[in-house]
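This is the structure I have questions about; it appears just below.
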Amino acid sequence: MSRPSGREPNQLRPVKITRNFTCHAEGSVLVEFGNTKVICTASVDKGVPRFMRGEGKGWVTAEYGMLPRSTGSRMGREAARGKQGGRTVEIQRLIGRSLRAAVDMKALGEYTINIDCDVIQADGGTRTASITGACVAMVDAFSKMLADGAIKQNPLKQMIASVSVGIYKGMPVLDLDYPEDSNAETDMNVIMTESGGFVEVQGTAEGETFSREELNAMLALAEQGIAELVSLQKQALAD
Amino acid sequence: MSRPSGREPNQLRPVKITRNFTCHAEGSVLVEFGNTKVICTASVDKGVPRFMRGEGKGWVTAEYGMLPRSTGSRMGREAARGKQGGRTVEIQRLIGRSLRAAVDMKALGEYTINIDCDVIQADGGTRTASITGACVAMVDAFSKMLADGAIKQNPLKQMIASVSVGIYKGMPVLDLDYPEDSNAETDMNVIMTESGGFVEVQGTAEGETFSREELNAMLALAEQGIAELVSLQKQALAD
Amino acid sequence: MSRPSGREPNQLRPVKITRNFTCHAEGSVLVEFGNTKVICTASVDKGVPRFMRGEGKGWVTAEYGMLPRSTGSRMGREAARGKQGGRTVEIQRLIGRSLRAAVDMKALGEYTINIDCDVIQADGGTRTASITGACVAMVDAFSKMLADGAIKQNPLKQMIASVSVGIYKGMPVLDLDYPEDSNAETDMNVIMTESGGFVEVQGTAEGETFSREELNAMLALAEQGIAELVSLQKQALAD
Amino acid sequence: MSRPSGREPNQLRPVKITRNFTCHAEGSVLVEFGNTKVICTASVDKGVPRFMRGEGKGWVTAEYGMLPRSTGSRMGREAARGKQGGRTVEIQRLIGRSLRAAVDMKALGEYTINIDCDVIQADGGTRTASITGACVAMVDAFSKMLADGAIKQNPLKQMIASVSVGIYKGMPVLDLDYPEDSNAETDMNVIMTESGGFVEVQGTAEGETFSREELNAMLALAEQGIAELVSLQKQALAD
Amino acid sequence: MSRPSGREPNQLRPVKITRNFTCHAEGSVLVEFGNTKVICTASVDKGVPRFMRGEGKGWVTAEYGMLPRSTGSRMGREAARGKQGGRTVEIQRLIGRSLRAAVDMKALGEYTINIDCDVIQADGGTRTASITGACVAMVDAFSKMLADGAIKQNPLKQMIASVSVGIYKGMPVLDLDYPEDSNAETDMNVIMTESGGFVEVQGTAEGETFSREELNAMLALAEQGIAELVSLQKQALAD
Amino acid sequence: MSRPSGREPNQLRPVKITRNFTCHAEGSVLVEFGNTKVICTASVDKGVPRFMRGEGKGWVTAEYGMLPRSTGSRMGREAARGKQGGRTVEIQRLIGRSLRAAVDMKALGEYTINIDCDVIQADGGTRTASITGACVAMVDAFSKMLADGAIKQNPLKQMIASVSVGIYKGMPVLDLDYPEDSNAETDMNVIMTESGGFVEVQGTAEGETFSREELNAMLALAEQGIAELVSLQKQALAD
């Protein structure tokens, strides 16, 4: 019983984090989890949404999109249909919520960090790649703000990263690619901090339900995978 | 250190399930989790979405809404704004996905069950009350289809129910009401089958992250609460 | 020649007005005209629309909706379609216009009363039930404002109520239910004050035109019916 | 106490009906009620809406618009705002409903008549002018269909026309222009057939309510005015 | 080889410019290029868009629309579809850009000129007729502003006008009507000032490409045609 | 008087065309004109739009978008705003029209080629880079269709390419970058075939008008630049 890619159950795909991928954004990262490729940018804007003004705290928000032909068959362009789909809305809310957990909003002050995650090639795990890449882009944006004197203290509390785990043909596996994801019995996205705290856990049974034991096995894989991802984020930031 | 409502940490709010609440739908339930009140209807439509036609399988989908003044201050009406909000989209996708896990689509045949969950009064936990009530409405709709001869076999695989759990002031608690929910460090929604399988687990840290131990404590509370809810669903269906 | 319900031509359906139906709104009424059931809430907001600011006058506006399965077959949810239908727009404009006729805007001061009428079960006459119930909800909201000291003088000029009349199989009848409404030759909605002044009269021929005599017969029925409704509103408010 | 225009209380504005105003539509009329000018076209399309197919009956529907600068100050263009306003929706539903009352749908057969009423200059009474002009355009379209052999029998049951009446400074008046309309206590739109049957009556109190006597006085003015309008329609059609 | 209309290759259609066509706008023109008829209004609004405030400069913007039955077969109404089509957007951007080239924004001061071009009858060349007519409407609006004392100096730098040219059956022709336009190999819209400067040139090959020589021949026709149109604009303004 | 980039007036930016940039689309190209970078994909879909069915001819259409932070300051995401902006609509119509000029629709048969041009980094000339890159992507898609046996004959009539030219500080220049584009007196986009025929010419004066001589100078630069671009396209396709 083996994985379509031949990977070990606890093996991540090759992960690549390219900083400064485009030139305009304060932070710009191309993140690759195998064939999944996402451009993550962090843009700094002065000011916060109306309901937060005057409290001296910052805000982090995210938007997510897929290029129409990032997928096997072309998807309609959301801008042309005039509406973001339910899956898009769900994912971008998750990205924003996760990244906010990494930030000390007082230290950020009244600035908004706009995260954009745009998938240029999809092969499963676009949301976990997005979160992992966006955190690096956000760190770069904070460095730029510190260098510019916009802020005095780094608002990053700690790195966060994310990975998917699942049950594929009865076997708990780490970092599902599309052939696995579309056949998994259970799919779970986990977001954790570098110190091992959980930020978000979202597990969904597809068809069959999952047990406490399976849940535990998946969480163990996630903990290991996220530790590796955080280490890769730090290497990228050290370059 | 006690809960605002004075409840025990593992105590559900008073739960009430009123069947046949309105007269037109094949299944119609008013579900109350304390002050949270949701009208759940299950409507049977012949046919399935285009992409599924001819496969002999059924479909279950859900929509969710809140009356503008179901909440403490009035929310804008989504129909007037011309757009369902991100939270609404996220919740109705969760409800649909959860209920599909309870149904044998082959046995349902080419029918669509449209679930509508409309919150008339909100006090925390509207999505978990919705899922719990909608499952009962769906069972009533299946009974009606069986009685009418539309289907020959009950498509229900097993009951599902849902409850929220969280960490409130450091204490794991069951079935959060609004005063708890808005101050909880962690909020988790759990959906399970009557036989104890997990359908969906969604845990989110608000501010502080949560640990494996806290996760386990919350899951234990959820398992107990859902067992009670399934028992209440069955009582209601037996009346 | 008799009515499907067996009622006398000048007989209202059983009318029930339940105050404080939900707990958050300043006024909250469940109004029932037979099987037609509408939740009417009145919400008080500080401030008025931009074009009225600084004139010291208040504003009353209304929104109307139907739960998707309030009707015999499920209607698409307007929030999901991204657009309120023409009938909805027409009805909510009527409700708002009618209620404004009951209010002394100077006495209200710069507050907006948002009326929401949400039909949970429909059997004809939803707009007239909405107006009749919403007026009671608005009176409760005014009482709350007076008790809170937000206003010093009751802005209610006089109660208004509304009923439908029509020509069914050649016979003028009061308060049409759905079986009558869908077969009536003429359908007329009348809104009046408690002192017998007309606020709005909307009569529409369906198929055959109507004569001055028929119009007069319908207006006489409406005058009687509205007198009864005002009396029921006052009883409800006295409880 | 006189009218701003110096007209008698029962005096219409100069009415002008120009047929074949534009060249493409099957019926095309410029209707003028004083300074109110509306282009009314009737377009013939083969087929009927989906819900009516196969019944051998026709359909009449209407859309209404105002050029942005048809009014004293420029209104936003509805196409640019992406939404027809509530008033527009209300008016175009009224126009369609009224014209359907003039047509024998069996005789029309499975054709749709699309009425477009576009106000190029507004001075009160645009909806009544629209209905009056559109009926003439529709008659021209029927003549063309008969000439082309598309239908064998004229589907027109009888002409309809429409006029506004109101109470201005306590005085019942016919055919209100903008200075009257914006100051009237009551405004009523009446649609009648050439034989004197009522198609629609819509009376609205602005501020003060109106009495049965006032209603009767307004209806008498409307009956007289509509008789004159029908006569002008027939003259135009005879040319 | 002759033109469907029998015109000479370098012959404009009969052009008619009627000023003060409607009564409310500061400038209102009916422009006719043969059977193409467009109502062009210029509306003066105090203030400029947010991004320009405080710079002491004015703004000119344009919107374009077609009545649904201005064309041979009825087009859907953009306001009803909730969206302006791509062609509409393209044309109104062209009209606005062209007219801005005619105006000294400093002399205009912080006023916005809203141009509305509404086609009531279409026979090819609606955008060129719109620009030619709108310039006259704008000049009238400037005159009114000068007369009212809103501005002290005429902001018109010089007149602009526009005409289409094309290659029809191998022959360069001026001012294409619909039968030519729909069969032309190349269609070009040219906007020039009265002193012969180019404001915009938009040439499009339909099917076959065009050569430098053909381009030159078309530009020569355009220069001649625009000189004639400017002369007609000036005559109209002199009346 | 020199260009901000130090380029000669007739010098293109470094152009790079990377084929097979992403893995799913039938044709996928990253095109770079200096710092302007656009992902162009060509997707093959069976079938054509409804209005063309049964004629045995194909169709080519295009959509265009910019990643929110492809620009110096972040632009709102069109999918989130629910509407494509006017500039987007204008550009994607131009791309589609231009590419259709390169294709023999009979040879293509009833297939639709969907072109997507997504700007990941913008520095002027995004539409001309898009057209130039998309043509290469389309050629790759045609090769794949030929290899798969979907078509028997290559539908490409000839290559097309596009470049911008303009008048910058009085000097005609080729291939404007953003610093030039935002200060140019005139900006012109030219699309030509490899054999030197014009497909589209769009020249716009910004502020000052342009003369016939300037137009000629710009066209000469465009002819030279497009010849170079076609040669680069062919080199890329030969690799």
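For reference, chains read A, B, C, D, E and F in written order, and residue numbers begin at 1 within each chain.
Convention: a contact is a pair of C-beta atoms (placed from the backbone, for glycine too) under 8 Å apart; a residue touches a chain by one contact, two chains touch by 3 or more.
Predicted, not measured: the structure shown is a model, and the values here were computed from it.
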Minimal step count in the chain contact network, chain D to chain F: 2
Recurring contact interface, reference E-F, options D-E, A-B or B-C [over half identical by residue number]: A-B
For chain B paired with chain F, centre-to-centre distance based on mean C-alpha positions, whole Å: 50
Chain C and chain D: spacing of chain centres that average the CA atoms, whole Å: 28
Residues of chain D whose C-beta touches two or more other chains: 82-83
Contact graph of the chains (line, ring, star, complete, other): ring
Chain order around the ring, beginning at chain B and proceeding next to chain C: B, C, D, E, F, A
Residue ranges of chain C touching chain B (in the complex, touch as defined): 22-25, 28, 35, 37, 39, 41, 43, 45, 63, 65, 67-72, 74, 77-80, 82-84, 88, 114, 116, 118, 120-122
Complex interface listing, chain D residues touching chain C: 83, 86-87, 89-90, 92-93, 97, 101, 188, 192-193, 196-205, 207-212, 215, 219
